[in-house]
Each structure stands twice: as structure tokens, then as C-alpha cells.
Amino acid sequence: MALAWPEEKPAEACGLIGIYGAPQAASLIYQGLFSLQHRGQEGVGVVVGDGSRVRSTKGLGLVNDVITAEALRGLPGHLGIGHVRYSTTGSGRLQNVQPLVVECQDGIWAVAHNGNLINAKALRQMYQQAGAIFQTSTDSEVLVHLLADPMYRERPHRAARALRELQGAFAYLLMTKDCVMAARDPRGFKPLSIGRLGKSYVFASETCALAQMGATYLRDVRPGELVVADATGLNSSFFCEPLSPPAECIFELVYFARPDSIVFGESVHTVRRMLGRRLAEEQPAQADIVIPVPDSGNSAALGFSQGSGIPLDYGFIRNHYVGRTFIMPESAQRSSSVDLKLAVVTDVVKGKRIVVVDDSVIRGTTSRQRVAALRAAGAREIHLRIASPPTMHPCFFGIDFPTREELIAGTRSVEQVAEFIGVESLGYISLEGLLSPLKEPASFCAACFSGKYPLDVSQMQGKLALENYSPLLNLNP
Amino acid sequence: MALAWPEEKPAEACGLIGIYGAPQAASLIYQGLFSLQHRGQEGVGVVVGDGSRVRSTKGLGLVNDVITAEALRGLPGHLGIGHVRYSTTGSGRLQNVQPLVVECQDGIWAVAHNGNLINAKALRQMYQQAGAIFQTSTDSEVLVHLLADPMYRERPHRAARALRELQGAFAYLLMTKDCVMAARDPRGFKPLSIGRLGKSYVFASETCALAQMGATYLRDVRPGELVVADATGLNSSFFCEPLSPPAECIFELVYFARPDSIVFGESVHTVRRMLGRRLAEEQPAQADIVIPVPDSGNSAALGFSQGSGIPLDYGFIRNHYVGRTFIMPESAQRSSSVDLKLAVVTDVVKGKRIVVVDDSVIRGTTSRQRVAALRAAGAREIHLRIASPPTMHPCFFGIDFPTREELIAGTRSVEQVAEFIGVESLGYISLEGLLSPLKEPASFCAACFSGKYPLDVSQMQGKLALENYSPLLNLNP
Amino acid sequence: MALAWPEEKPAEACGLIGIYGAPQAASLIYQGLFSLQHRGQEGVGVVVGDGSRVRSTKGLGLVNDVITAEALRGLPGHLGIGHVRYSTTGSGRLQNVQPLVVECQDGIWAVAHNGNLINAKALRQMYQQAGAIFQTSTDSEVLVHLLADPMYRERPHRAARALRELQGAFAYLLMTKDCVMAARDPRGFKPLSIGRLGKSYVFASETCALAQMGATYLRDVRPGELVVADATGLNSSFFCEPLSPPAECIFELVYFARPDSIVFGESVHTVRRMLGRRLAEEQPAQADIVIPVPDSGNSAALGFSQGSGIPLDYGFIRNHYVGRTFIMPESAQRSSSVDLKLAVVTDVVKGKRIVVVDDSVIRGTTSRQRVAALRAAGAREIHLRIASPPTMHPCFFGIDFPTREELIAGTRSVEQVAEFIGVESLGYISLEGLLSPLKEPASFCAACFSGKYPLDVSQMQGKLALENYSPLLNLNP
Amino acid sequence: MALAWPEEKPAEACGLIGIYGAPQAASLIYQGLFSLQHRGQEGVGVVVGDGSRVRSTKGLGLVNDVITAEALRGLPGHLGIGHVRYSTTGSGRLQNVQPLVVECQDGIWAVAHNGNLINAKALRQMYQQAGAIFQTSTDSEVLVHLLADPMYRERPHRAARALRELQGAFAYLLMTKDCVMAARDPRGFKPLSIGRLGKSYVFASETCALAQMGATYLRDVRPGELVVADATGLNSSFFCEPLSPPAECIFELVYFARPDSIVFGESVHTVRRMLGRRLAEEQPAQADIVIPVPDSGNSAALGFSQGSGIPLDYGFIRNHYVGRTFIMPESAQRSSSVDLKLAVVTDVVKGKRIVVVDDSVIRGTTSRQRVAALRAAGAREIHLRIASPPTMHPCFFGIDFPTREELIAGTRSVEQVAEFIGVESLGYISLEGLLSPLKEPASFCAACFSGKYPLDVSQMQGKLALENYSPLLNLNP
């Protein structure tokens, strides 16, 4: 009877916060994670150090539920890292909540990861063959084995050597008892920004967290770069030269990132608004009003209205008290067109020809339900406009898309999708159009739309390859 | 260290849901309360009956936290009422959570109340004098003593007789083991709507709840009317003739009600949008963009943009994961301009002349903080426009406004308020303008703006008169 | 799958603690209730006052779970009362947890009750007829209506007048903002002792609580007496002359009270030990060892061993980690003779002729199960000896016995009971024997054994009369 | 203000349960752990398998709190192991709760351990040197690294090879997806018994758990033996020949084990009773009554009474509702002689010459407090008799004794101890006497009394050597 909210959007891997040099590192990490909550709602962890001791707290749930005032009091120290983890069915358990904290020969290492390693399974097998034991079902754990590997350990620049072995997408924050390190993979799939707050340095997946923490945005960690914050300040080196083609994830701009963030050098809201304008040119519609699907379609709908001259209005109202679950009544009286998150403003849509603007369509089932709700409220015509191209291909680098069969555009034409959703017309922006507002379009990976992957993925069996492989998945909590 | 969220807006008293004739009354009440959550976040209660037995559940917290699937399974029955209660400091305790459920001579009565009774203290003293005992510190409890009073009990129409004794503002839902009743005070201060869902009848404070439950809006309960839903259907009578002047609360349209509701016969979003247009005429501004304070300013900002021709943009982003408390770091590094709920989109506001549109200004402190955040992000000019007149007078009918001294407009001129908030200009809509979009402006109470109260309040000492009086306030939980 | 522990013994009504004049009244009440926990495990409440304000906390569960350090910090004051409530199926809900705290014309009254009023239903109906409302399903609530009744209120000695109206069994603690009162019914059914701790006065259902609190036992509250502790000291008066016959509950000595308490002037352990000696005389047995059923049979088994010369041994071991529930496996492999609370010491019982001594037999099912466990461990002969006569009659004064049909001795001969339980022989002490060690045997009620009730109960329909009557029973929590 | 209960006794390491071949393995493990709860109250874990998948649940707290009905439903399977862990200050965290469950090259291994490895630190350093990472601060984790070590893995009998590397005290239960293994160290420090339940095999630290599960005791796992239960039945081999001298822990018989268990072939209750008899011979006293310190002194007091002819009585009553913490009032009124767990029965002790029998004296502070309580209740003379010799030496094999300085007998004469505790006389049983009732006295380790350790412990720095070493200690939860 209790249902999870419909997951109409793909799940992001996670959000990272790191800080070095602030008296109350844990409080600042808490604030930073709070503003990255949209990147992961399943679990949260914080690890801090005071130069000699390392302390941590972890839990399943939202930042505000897990990190209590009492927990913060128990986490003194001036450096630390934190992590929010996304929610998927089945693989959620406390053991997998990051940062991982382990002890190896030279002491404690804490590790937080955003992304997906395509050679994690091979590395795991290699280390298990050599006698290693694993305690989570995440791909992130291989890095700690690389860090502990005597082969890398004896040489200088151990972290750099270990990172060099990883293939795939990663933003990593590492921590020892006296330093915090940040690294991005050599193609730059995942975002990671650097900020300054007084005398301390901050790392965050998105700049909106820097603003929340009161920090000033300095720059992004560069692809292949390893940035070390410690008592000597901020030190940069490259564990690997940036690889070509670069592969910054376009979906961060399409959907994941918060509109007030700057990601990969682009203002998220501005890009989305420009996509809306372009969409109005590419896919015009005869209509009385433009309405967004809140909140992901807000910026593009504004742009569409500006580009088309059709007035914007608010046809959907979002319920702010949506929690993790809702108890669905089994009553037959319940109309299937009633939505849990969004309510229709009848007075706005009744008798109108409407352009509905959304950022993307994944499975199409939620769009279909919402279109039905508009229709039930008296909308005369519904024209759906999408500010990204048809999502047709799986992601192997950290986005939890459904399989191609489940992606509605994966196996159907635009006309078939329009029919399924039940709209008078459906228009997607072109791939060209999607890239048009970007300063450096060539630096992005748009494989989910184009199918052109930045590296060879012929051997990948999807995101869950490692999890399917690991027998540790069934352990609770 | 743990702070409640700043309460920049006045607190509404509560939200009511009632239903008669549905197989799973509790599930529907749950859904209805869920969409009235904005009217009260402190506590929630549900009482249902199956014709012979009455069962209930109550708790402090949000609907989704208190009403579990297990609780719903323990609440069979086809009739029931539910209540969400607002949050104030100090007076929140389980004993006060409604519906009140009591036993008197003829069995169980359950009572849920929205509003404020101005003769509650006098009635309470009268009954205590006669030997009655009270178990809550709410004004709502006097009604159950009236219902149980043999003087009214012996005559027909007991509920009507009891309601006739009450003075002030009320929407009441009453329930016995086999019927649900709904009543509004004779001036109609508080909203209460009637809907139909299949063969069952539904009552709700706002029509957005009817939509969530899948019910069709029939009409409002009329001032002075007592509507009884039982096995014979829906029966109407008047316990009192409607009094003049009518006094429907204008603040429901200004702020409290959800935009997708119809309240007092008006579409909330449409009224607010029209207020924005009128505001643009009355208080024009030279600016580059119009931005709303989300979500309460959304509709009016849209209207202002349409009326002024100045483009709308989204300068604030709302954090959707805001919970009940946030642990405020004590660090001196934290800038006071960082907001918890709203984040500024720097790219939108930088270098711009901005019109900020909000629904009302109460204390002014939150507006001031947000203006500072815009300024910090580079806004060139900030012109604040308010879609209601200056809020200057206390409410004695259920709105938890601060005292006149705490109301920033209560003791200062518009120029002084503008200076306090820190804007280049400040403009409020006129009282005339506020009433201009309404079909029946004369039916509204706008005393918080005008000081003209619909009935004599010379003896009132504020909303907390009863609570200050009652020694039961200190009991926990 | 989760089962409550088998309730092989009747449930006691509750335990009371009161104190006047100690700086940290709440802490001392907590300690006192902690040592009265055996009298009630369902719920606990504490109310304290500092002379002007009254504060309380309540909850379902054990003292140690409900009364936290944080709760104690929120309960300043030098006077207060507390209550532990017993567990029954179905009627457990927070609303019924005592002390009741109400406001009437002259302020706060808090009330805690042990016992059963046989005219509660009549009083409730009378007051409801007059317009009163009730919020619990307990019989205890009628007293607060009597206290608030203007008829008694206008005269001096209101509490005395109100208490005089009650019929049945009661020990009551009452509290206003500046005094604590203690009263026992005129026949003295329920125990209530007075102690002194420094300059403060303490009331407790059993003297073991006085010892735990560090107080010295002064005397018992007398039947019909009202003792008031306030700033002037301890003041005694009689609201009613003691009635004849007196009716102190013999079952307190048989089972309820803790062995280290003095109850009704008798040392509980010593009485039980003497009953064991007498039992050995009345019901001798040829056996190798005497074993108690711990802990209720410990004292009597010691006496039986001393009286018979048969060596004592420990054939049962009690599991100290028994909680409220145990998840019973459904496996067919589980032998039905495995007990949850008591384990058999095989080495002690194997091949032996055993006398098992217990305090009473109620339903007989638990005894049967334990006899089977002894048999399975190799006991050769089992002779069950009971340190009270056959329990054959219901109690109308506060003991939650099963109905006569469920009482195994209610409808069967001793031989039939022996056969049901599965023992070689069964012997009960005689009623004469039961009374033999008592200093004033005539002051006791032994109606559950003799059927001779101290007052007319012909109209009583059992303990649940009121609860069956009250529709408030179904309310949760 | 909240204090832990005084830990007057040393803490045992833990309790183990394993089962192979039962349809509902988890339910049976739950029952078994429930009756081993006295061996560890800090945390509990259960791991089960159904032949292909392995599932687990863990938590801090008592068995009945952590293992819910819902948890059991999520743990299907026919084989499994479980563990209860003892409570110490500071090192309690979820990460350390066993069974450890890890993945290595050949799949899942789950490991549960009772005892202390004296070469754990050396092994940990060796593996960390080789690149291994550790996630707990327990000594038990080294075994999983040995199991995963390719050196042992390539050869047959991997578990045997790994176990052979361990030095110190251990009973281990190991589990893979299709078998359960049990092993004891070659000197047999720790108990581990084998039982049969229908067609399934059961392992348990004590036989009382076998009885609770309905299983029949077969025999003990032998020192150096590895017993494997799988689809082929029960298979025994020796990973090491039993070493001389054998070293079964005498303290299991003195204090740890439940009286209804058979441990190391001895009936615990019978041994303790015989120790009481011997003690009466060795250390006679002129007294009126013998009273036990419940429950640890119960059996010996019975024997003392039998041996001396002095009547037994119950001078202390144990409070059964003692939880994990008790909020200690700071009031000065509180007498220091009031005990939390035990209450004095004044009527028993007043004016008497008393022999108090206890199993052991560790710090002496609790004994002193209890003697004071007896004295306050009027005891005339108090003669303390201890059914074990003076505890003078630390244990390196799993018992959490205080240091020699904290052991009251470590640095004081018997006379000095008697004076500290405040008794008229104090008598310990002799080492000879302690061993006298045992069938094979030479097979026991009594180093805590004699100082003669069964193996070289010159390099040990106490139990916490590893925990002090590991930086993982500070992690919560």
C-alpha cells in the first residue's frame, strides 16, 4: 500500500563536499551536502579529522535527518569530506553509504566517489585473486585497494598512481588524517568545483553548495588533475593528461544540476532558458499559453515563452510536502489522472491550447499521466516540447537510465511517443540545438542522445554490472 | 544550534477534511490532509467511524510521518474527519492536536476547528464555573462543552444551538458515530467547501484537497449554514442567518490558499496574477527583469511582468529539501546574506535592475535578508513590489500575525520600510487595488490592512488570550 | 509471529508515587516508579509542580524508556505524583495513561489511581447527563468531575467530599499546584504508604519504593484517611470512617507485592515463607528436592523446604532479558515444552522426585507447560504445591483475573486440575492456612478464594464494565 | 546524569550460534542468541544463506530489540550464524558488530568470533604491509584476510590452514553460502557445543541455547577441531593437534555461563553448588542465615547452606526491570547505600549474623556498597564468602578484567580487602578447592587466580592492544 514516488527521472550518482582549513569542518560539510541533496536522497556520510583523529557519521535518509546537532558536536576537526548517495531499489544499504573509511598500512583513508568505473569489476577480480576482501557492493571500493597496494605505496605520489589505474567516470574526494584531495577523471565526465572560504579551501560537485557555504567559486578541478589541500595550501598536479575527446556530461545541464549552479563553466539556468528559446524556433506551436513542468521545465518554458511570444502561465502547482513515500489508497474511486507531486490549476488550463515544456522524457509514463490530468481539467490542445533530444541510449558513466527497452524513445518514433503520451504534437530539440548555447560544445558527452560514446563500452553490461556480480548486495541494513 | 526555519509568514490556523460514505474514509482523509499540509505542519489527527465504533490516530509532525500505512489499516470505516494544525512556539503538544474526541451523554463527538473564537475565554470560564473540566489549551474545546450541555441537548438541533453560542471565526467539522457535519460562522471568515466523490460527500478547507481526493467541487458551506452528511444524504439548515458585514478572509487569497484552489468562489492563482497586473499599473518601475519570491510571489510576479512588459526571470531557486529544522553553524565565516530556503541565481541578477514581487511583508527581516543576497550577487537596483497593502493591524480571527509593534508596517512609513529592507524603491498595491479583481469585494474582511474589523474586538487581547490563560500549556508531550 | 509473553499471572492495576518538598521531585518519582515497575508495565506518567506551574510527561512503555534524562530536565519542581499502569490487551492507549491532568475552575488537578470503582459507571452517567464530557475510558476520570463539581467545590474540604462519593477500591494521589494528597478507600483495599526523606514527604504503593528513594517508612495511609502534604507539613483527616469489614487485598501478599516490601503491615517475603512452611504441613509430599517457580514461588519454596526437610534446589533458571514480545518461530521442529522465561536445569531434575512450589495457579496453561518441560528433562515425579487456595472467583476491585470459566479452579476439582497440568499430585494451602501467618487476618479480603465479597457486587459485570461501556476504547494511540 | 549500570563483573566476549539444515534458520538463531544474551548485550548480528544468496541484519542493542519479526521475514534460508557482542566503553560501534561479512575471490565469508587472538596485531600489520585494508577495530577481522590469502586459498583445506595461523583463544563460526564451520583453538579456551535438531546441526557457545532451540546436545567441538556442517552432514577434522596444557576457561564455570548450561562437560549449577559446599568446609562461619548475591551467587549459597547447615534465606531481591541505563539523581538526599539492581529484604537481615555468598570479587566497590546496604537494614554481622580464589591477574584470552591495579585482590591482602568491603570476615575458596569438583581439573586455565598462563604472554599489553592501535575506533555509529 505504501508506494515510492514515481521515479520519472534518472537518478544521479551522488554529490561530494570536501573542506580543508575551517574550524568547524563538519558544520560546513553539512550545509554543503544540504544544497546537494537533489543529487542523492538515499544516504549521507560525513568524515572529519582534526589532524590526528578521524571521526565519521553515516546513515540512510536525508541530510537533515541523518546529520543531527548531536552528531555534529561529535565531529570536531578542520578537514573532512561528505557524500550524498542516490536512491535505487535494492542496493540501498548502510554498508554502501560513503565515504568509505578504511585502515591500511599508513593509516586511515576516506573515499567519496561520484561516477562509474568501467574497469571496477576487472580490478576487483584482480585484487580478490590476490587475496583482498571487499565489504561493499560499490565500484568505488576498488580505489582503496589501489591506494593500499604496496606496488603504488612504495613510490611517491601514491594517490596519483592509484587514480591512473581507473577507467570510466569519476570525481573523487580522498582524505587522510591531514589532507583532502580532489580528482576528476581525464575526460572530465563529472563536475567538481573548488572554492575558497576565508583561509579554507572547499570542494563541491556544484557551485550552489559553495554559495550555501558562503564560499567563493575559484575554478573547476580539471580533467586528469589531482588537487591537494593541506597545511601548505592548495597544490595541483596531473595524475594523467586530459584525454580526448573530453566528455563532460550534458545531462548535468539538461536535468541534474541546480539552476543556480555553474557547471562545466556554464550557468545552468541560462543554458536551459536558451534551450527553451531554441526549442521555440525548432518546434513552434500554435497555442494560448506555455506552461512548465515544475521544476525541471521552469527555465526552458521561460525561454520558450520568450522565443515564441506565447504567454507563460503556471498550469501545475508542486506540492512541497512530498516525502519519500505516499500511501496509495486502493479505492476504485480514485481517478488515475490524479498526480501526487503536481496539481493542475484548472482556471489556467481550461479551454486553452497549451504548450507544455519539460526537460526530457525518459519512460513517458509520468508525462502521459500529467497530460491526462491537463485534459481532465479541460485543456483543449496539448503540445509537448522537450528541451533535449530523444533519450535513446544507456549511460555507462554513472547515470541510472533505464534500459533501451524501457526508454520510450529507445524503440519508438516521435509520432509513436506522442501517441503514447496522448498529445496533439510532440517536439524535441535537435542535438545541434542542444549544443548551440554551449561555449565549448565539443567538450561534452551526449552519448545518451547520440549513441556516440567517448570511449569503448562494448564490454559494459550496464550500470549494475558490479552490483549484479557482488553477492554483498543482499545485506541489510 | 538547531534553529527552526525563519517564520517569515504568518501561520494559518489549520486545515479540515471530512467525508461521509466512502469505503476507505481514512485513506481519502489522508490524501486530503496531504494537500492541505501548507495550512498546518505541527500536528495531524484523523478520526473515523464505521457506524458503530469510532477510531482515531494523532501525532505531532507532518501528515506523511504521522499517518502510516499501519495506522490506516487500523482505521476502517466510511465516515470521518481530519485536521492539520499549524506550528507555533511553545503551545505545540499532543493534547492539543485535533480532532478532539470526547464522550458525553449521547456518545462520541469528534470536533475539528479552523479559526478563532472571541468568546472562548468567557464560555470556558462559564463552564468551569459550572463544574466542567478542560483537557486542552485550545479555544476549540468549548464547543464540546456546548454540545454536551443539557440545556441544548434536550432540544432538537443540538449542534445548531451550540454553534449559535460561538462568536468569532470558525469552520467546524463535527462527527458522531453516524454522521459528519460542517459549519461556517455567520460571517464566513474561514473557507469550507463541499465536494462529491461517487456516492460520498467530502468537506475540505480548500478545493485543492477535493481534486487530490478525486472529488468534484459542488459549492461552499454558506455562512451560518450547518450541513449534515449521513445515510440520508446531504442536508442543509442554517443555525444562524448570515450576518452583515460578511467577512471572508482576504489573506486566504493573498497568501494562505494554494494557487490551484478556488476559495470563496475565486481562483487563487488568477486573483494573484490580476493583483500583479494591477500592481504594475499602480506601482510601475524601470527595470530589466521581474523576479518572484517563490512560491508565494509567483503568480503576482507573472501578472506584474504581463502588465509592465518587463521580462520575467527566475532569480531565486527554492530548496525542496527544507525540513523542520536546520543546524546553524556558529562559524564567523558564514555570511549573513546566505539564505536557507532560497538561493540566488547569480547569472540572472548580476548587473540588472530588478523588480522583486512578493505577496506581503510581515516583519521585513526575511525580505531584508533576501535583498542583501541579491545585492551580494551583483544586482544593480532592487525595486520591491508587494501584491497587498501594508499589513498594519492584528487579526483576532485565526491568523497568527505578530503584534502591531512587530509588523514592520505597523509603525513605519513606506519609506522607512524601504530603507529597512534596503531597496531602491518599495511599492504596495492599494486596498482598492487589492479588492479590484474580486467578484464580491464587499464580502471580504481586510481588517489586517484597513483596521476596520467586522465586529467589535475592543476586548480582545490577541490570539493567545486563551493560551496565556490556561495552565495546561506546560504539559508535554 | 510476534507474541506477547504469556500472561500467566493476573495483572495488577498500577503503582503510585507522590512527593512533596524535595528539590528534584521528578528524579525521585522516577526512582520510585522504577521500583514499582512490577505493578504496571504498559505506561507511565509523571506530573510535577514548582508552586506556580505544573508540567508533565507521559508515554507507553517502561519507566526507563519513557522517562529520559531530557524529560527529567524539563520537569523542575518540588512536588509531584507519578503512576505506572498495567498492560492489558486492547485498552492500552496514551489517553488512558495517568496521572490525568485537567483544568477546572480553580486550576490544575492531577489524579493518579490504583483500584477499581464500582460506582464509576453510575457516576459517569450522572455527570454526562449533566453535560460533562469524558476523554478517557478509565474509571479514574470520574473523580476529576467530582472535584470540579460546584456542589462540592463551594464547600470546604472539596477533595474529601468528592472522595466520599466513590465506592469500590482505591488508593488515590491528587495534586494541585501547591499540594499533594493521598487517600485510601474506607475498607483499605489498596496499599499506600507514607515515608519521609529529609524534609520531604513521600507516598508509595509499596515500601520497596521508599527504600529505593532513600526514604524512611513512617506508616500507611489509613482506610478512609486523606493525607495532605503541603508547605505546612503533613496533615491528616478522615473523609469517611473506616468501613467494616475491612478489605485489604490478600493477593498483594500472595503475588503482587515485591518480597522486600512491607504491605498492610506485613513483610511480604516472611509471610510467603511462612505460607510455604504451612503448605508443607497441610500438603506434604514424598520427594527428593523442592524447587520454586521463580520468582513468585521463591519465598514459599524456601519455607516448604524448611518445613518438610526436603532440600531446596534450583530447577528453573529465569532469563533476565525477557522483553515485551518474543518472535515465535512457526517451525514444526519446535518442541512445545520449551519455555520462554524459564529454562530447566537438567542436572538438577533428572531422575528426581520433585516438589514444585508456586504462589498461585490461574489458567493452568503455563503450569502445564512447565511441568512438561521438567518431565522432558527427566523428572521422575512432579508434585505441585500452591501457596494459596484455588482461585475461583472474579475480583471487582482492581485485579484483572480471567472470568470464572477461564480460572482453571473455577469449574474443576483439584483432581481435574492436577490431571490437566499433568502432575502426580497437586496440593493447595487452605484458606485457613493462608490467613494463619497474618497478624490481623480479619482485615483482609480473600474473595477471589472464598467468594465472600466485602460489599455487594451483585450488579458488577466484571472489571471491564466501564471499558466495555465507553466508546473511547478504540482510540489510538 | 544518565549512568550505565555499575559493571561489577568482568565482561565476556560474546556468544555464538550456528545452524545448518533448518528451514527457518534465522528464527532458530534468534532463539539461540536470546538465551546467550548474558554473554553480550552491546550488539547482535545474524547472517543466513539459502544456498545461493546470503543475507544479514545487524544492530546495536539487545537481541529482542534488533531482531524484529520484519527482519526475520527478510532472512530466508537453511543455514546461518549469529553473534552477540559484549559492551565496553568507547569501542562500541556498528562496524564492529559481528558476524563480519566480506566478499573475497571465492565469494562470501561470514565470521563470528569469541575470544582474543594474541597475534592479531602482528597479523594485521603483516597484511596491511602487503596492501590489505581493514574496516573494523576488532582482532577477529584478521581471519578473513587469512581466508582470502592466495597462499592458503590455492591449497585444499583453506579454513584449516587459516585457523592454524591464529594464536590465542578462539571459538569461531564460519559460513560460506553453503556450509557452516565451527572451530576451537588447540587449547580449548572457549566453549562451543554441537547439537542436533531434527535433521539439522546446531552450534552454540552454551548448551542452554541448544535447549532453547529444542536441540539435543551431542558433544563439544574439540580443541583444534574444525567441524563442517553442510549438505553431506557433519564432518570433522583437526586443523591442529590439541596443545598442552589445555586451557579451558575456569571463569566460565565461576561466573559467565548460565547455570542450566553444560560447559566443558560440567553442569554449571552443580559445580557451583559443590563449590559452595567446599567453601563451607574451607571457610566456615558462625551465622544465623546464608544469603546469596543474586543471581551469580545463588548456586554456591545453596551449597554453602547445605554444607554448613546454616539456613538459606533471601536477603536481596533483584529488580527485573533494570535496563541499560539509569538516570541518577544528583540530589544530596540520596543515600549512597541504595543499590539499583538489588534491594535488601529488611525483615530477613535485621539483627542477624549473615553469611553472604558471591561467586567472585573484582573491584570490590559493588560488594562494599551491598554490605553497607545490609548494615543499614540492621544486619548484626556480615561474613562474606567467595566461591573462587582472589582474582589477581589479568586475562589475555578474552575476559575484560580490570588491570591488576584495579583488581582489589591484585595488590591487597585478604584482610585489607575485608576491611575495604567492610565485613566481619572474608573467606575465599582455595585454588585446590576450586578445582576439586571438576572431572578433569588439569584441562582448565585458572591463570586469573594463579598467574600461571598456559602460553607465553610476556609481550601482551592487555586486551585493548589492538583497539588502541587501530585508528578506526573513533568512527560512529
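For reference, chains read A, B, C and D in written order, and residue numbers begin at 1 within each chain.
Just so it is clear, contacts are C-beta pairs under 8 Å (C-beta built on N, C-alpha and C of every residue); 3 or more make two chains touch, one makes a residue touch a chain.
Keep in mind it's a predicted model, so treat the numbers as computed, not measured.
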item	value
Relative to subunit A, chain with the most remote C-alpha centre	C
For subunit A paired with subunit D, centre-to-centre distance based on mean C-alpha positions, whole Å	49
Geometric centre distance via CA averages, subunit D-subunit B, whole Å	60
Subunit A and subunit B, separation of their C-alpha mean positions in angstrom	36
Subunit D, residues touching no fewer than two other chains	none
Touch-based graph of the chains, sorted into line, ring, star, complete or other	ring
Pairs of chains in contact (touch as defined earlier), listed by label	A-B, A-D, B-C, C-D
In the complex, subunit D residues that touch subunit C	1-2, 22-24, 27-28, 30-31, 34-35, 37-38, 41, 62-65, 67-69, 72-73, 197-198, 200, 208, 211-214, 258-260, 262, 267, 269-270, 273, 295, 298-299, 302, 306, 311-314, 317-321, 323, 325-327, 329-331, 333-335, 338, 343-348
Residue ranges of subunit D touching subunit A (in the complex, touch as defined)	53-59, 71, 74, 94, 101-105, 107-109, 125, 128-135, 144-145, 148-151, 153, 177, 470-472, 474-477
